[in-house]
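Two complexes follow with subunit A in common, the first pairing it with subunit B and the second with subunit C.
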Partner chain A sequence: MLPIVECRLCHHRCRLNEGERGQCRVRINLDGKLYSLVYGKPCSVHIDPIEKKPLYHVLPASASFSLATAGCNLRCKFCQNWQISQSPPEETENIDLPPESVVREALNNRCRSIAYTYSDPVIFYEYMLDTAKLAKQNGLINIFRTAAFIEEAPLLELCPFIQTASVDLKGITEEYYEKMCSARLEPVLQAIKIMHRQGVWLELTNLIVPTWNDKEKDIQDLCRWIKDNLGPDVPLHFSRFWPMHQLKSLPPTPEKTLARAREIGLAAGLHYVYVGNIPEHEGNNTYCPKDGKLLIHRIGYSTLENNIIDGKCKFCVTNIPGLWA
Partner chain B sequence: MTNTTKSGDKLLIVLLVLIVLMMGQIMKENVASIRMAVLANGAKPKVDVDKVKAQLRQAGLKPYEAQYWGIPGAQPQKD
Partner chain C sequence: MSQKNLSRRGFLRFLGGLFIGLFATRWQKISHIFSPKDTPPNLKEAKYYSRGDEIAG
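Now for the complex of A and B:
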């Protein structure tokens, strides 16, 4: 009888009998070895504005070649991409796109970055890693769009090849992660700290879900954790929830809740706090933390004005952290 | 008097039938939960791996050997 195989990619540590798949639905034990079923088989490929990731301090107004495969290691009740993230690869329409083709298509389409996104790229780790290596050799920036529920060893192997990560910090309590996402908070916090230490440019997103994580104390705790562990310069995006998937009965996040969250973040000492999914809100803009002047004026994903020159405020020459060129 | 006895008997029979049905349901659920508990401890039904492989081929999926896995209790394995 062949042995049970343990996947050590994410913190679920799924133990699989022969023929079984992990919670991600894409990693399988065949003949006593673990295999990925989605290497080079994305089901979703698009060219997006980088602001959609959301990344507001990375190559503004540039295009990002974005891809995902089926599957996910989380079970978020609010998932916006549940049609692919909660499906096995047999139930999605996949295309053959090996790493070389991803890089070639990104370059041909004048994209400056490749985003591993939509579902969680942790579950197509091998595909992402090989693509990221090639992309970096070709001068492209790699974007890791993730919930960061990944073990330390694979994350450390990945970090040298990803220049930026857009991380969903979904909440700040273990209860929220368990009930809402079938995951755990502490490993996510550790992964975020690892990426920060490794020099990966980080932007965090917190989706505010009415009645679930919209209490002021939760928002204060989240902002304090970021300030204490990552410093004031890591951008934080408060994103508007829209009724989806298993939470269709909830209302969208009220605009005033997001505005209040932004106030709390700024009061906590964070320099760059944004409001997402409300196109014309002033919280879409970047302001200089020193002189308060408007640096980047955005409406939705469009950049209307950019007053950052060589990574500095045009008016007072304060350094604005990010990857600007 | 006789009619009252007959209707009482009928009621009793109906009650007995209901009790038997309820007992049956409870036993069925218990057997199912015991079976699930046994299966969770490793005695899972054997998967026909050849059939799984054939289904993957049919779906156009080519298994690619994964990184970061191992055999529980053994040293960590990579590649």
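Now for the complex of A and C:
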């Protein structure tokens, strides 16, 4: 009888009999070995503005070569990329793009970074790792766009090659992670702290879903956790929910809820709190935490004005953390 | 046709059949995953997993 395998990539720790796949839909036990089904086979490849990740403190106004395979190890009810994240690879249109081709295409298209994104790159770990190593050798920044539901060992191996991570901190309660995402909060918090300790530049995103995680106490607790564990300089992006996937009956997040969330974040002592999807709101911009001057003026994903010079405020020379060059 | 040619042809057919049989056996394991129109999977052994008696509990 062929042996079972236990995946050790994420905390689901799927135990698989011969021919079975993990919850991510893209790892399979064949002949007693665990294989990825999506290595070098992305189903989504785009060139995006880096601000879309969202990353506001990394290479402003630059292009990011962005890719994803099918599959995901979470089951978020609000997922905007559910067509690929909740599909096995045989139901997506995949292309052949080995790591060296990813790097070549990124360079040929004058991208300064490669983003592993859209679904969750944890599930195409080997592909991401090999590509990230080549990308770093070629002077490209690697962006890990993730829900961070990943075991410590693979994360520690990955960290030296990813300069920045855009992490979804979806909520601040175990109940929310279980009911909304079929995952757990604590491993995500641990992974965020690991990346922070390893020197990965972090920007966190919280999607505010009406009636689920929009209470002021939840937002206060989330902001407090960030301040206490990561410090005030980790940017936090509050993102607007749009009816999608399994939550089409809910309304979009009201603009005033996002604006209030930003107020709570700033009151909690966080220096950089942003709101997404509210045109012309001051929450789109970066301000100096010391003198309050406008540093980066944005409309949508476009940068209209940048007053950060050599990583410092142009006006008072305060260090503004990020990867600016 | 000479006996020698018949033997050679037979041997080559045997080798061809053996090759196809081995390939078909392997392909059979994964062809049901992908339709003929799709690119075949590029199987890559995972980096982080345990097998059989390495698994606790």
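Here, the second predicted complex is superposed on the first by the 325 of 325 C-alpha atoms of A that agree within 3 Å, B and C clash if a C-alpha of one lies under 4 Å from a C-alpha of the other, contacts with A are read in each partner's own complex, and residues count from 1 in each chain.
Basically, contacts are C-beta pairs under 8 Å (C-beta built on N, C-alpha and C of every residue); 3 or more make two chains touch, one makes a residue touch a chain.
Predicted model, so just to flag it, every value in this text is computed and none were measured.
Enquirer: Based on the shared subunit A superposition, would you classify subunit B and subunit C as clashing or fitting together?
Expert: clash
Enquirer: Answer with first, second, both or neither: which of subunit B and subunit C does A:Ala153 touch in the superposed model?
Expert: Both partners, subunit B and subunit C.
Enquirer: Mind working out whether A:Tyr35 is in touch with subunit B, subunit C, both or neither, as first, second, both or neither?
Expert: A:Tyr35: touches subunit B and subunit C.
Enquirer: In the overlay, answer first, second, both or neither for which of subunit B and subunit C A:Arg15 touches.
Expert: In the superposed model, A:Arg15 contacts both subunit B and subunit C.
Enquirer: Between subunit B (first) and subunit C (second), which does A:Asp221 come into contact with in this model arrangement: first, second, both, or neither?
Expert: Neither subunit B nor subunit C is touched by A:Asp221.
Enquirer: Across the two complexes, what residues of subunit A are contacted by subunit B and by subunit C?
Expert: The answer is residues 3-9, 15, 27, 30, 33-41, 89-90, 94, 125-127, 129, 151, 153-154 of subunit A.
Enquirer: Show me the residue ranges of subunit A that touch subunit B in the complex, using the header's touch definition.
Expert: 3-9, 15, 17-20, 27-28, 30-31, 33-41, 89-90, 94, 125-127, 129, 151, 153-154
Enquirer: Enumerate the contact residues on subunit C facing subunit A in the complex.
Expert: Its residues touching subunit A are 29-30, 33-35, 38-39, 41-53, 55.
Enquirer: Which part of subunit A faces subunit C closely enough to touch in the complex?
Expert: Subunit A reaches subunit C through residues 3-9, 15, 27, 30, 32-41, 88-90, 93-96, 125-127, 129, 151, 153-154, 157.
Enquirer: Please output the residues of subunit B touching subunit A within their complex, sorted ascending.
Expert: By the definition above, subunit B touches subunit A via 42, 44, 46-49, 52-53, 55-56, 59-72, 76, 78.
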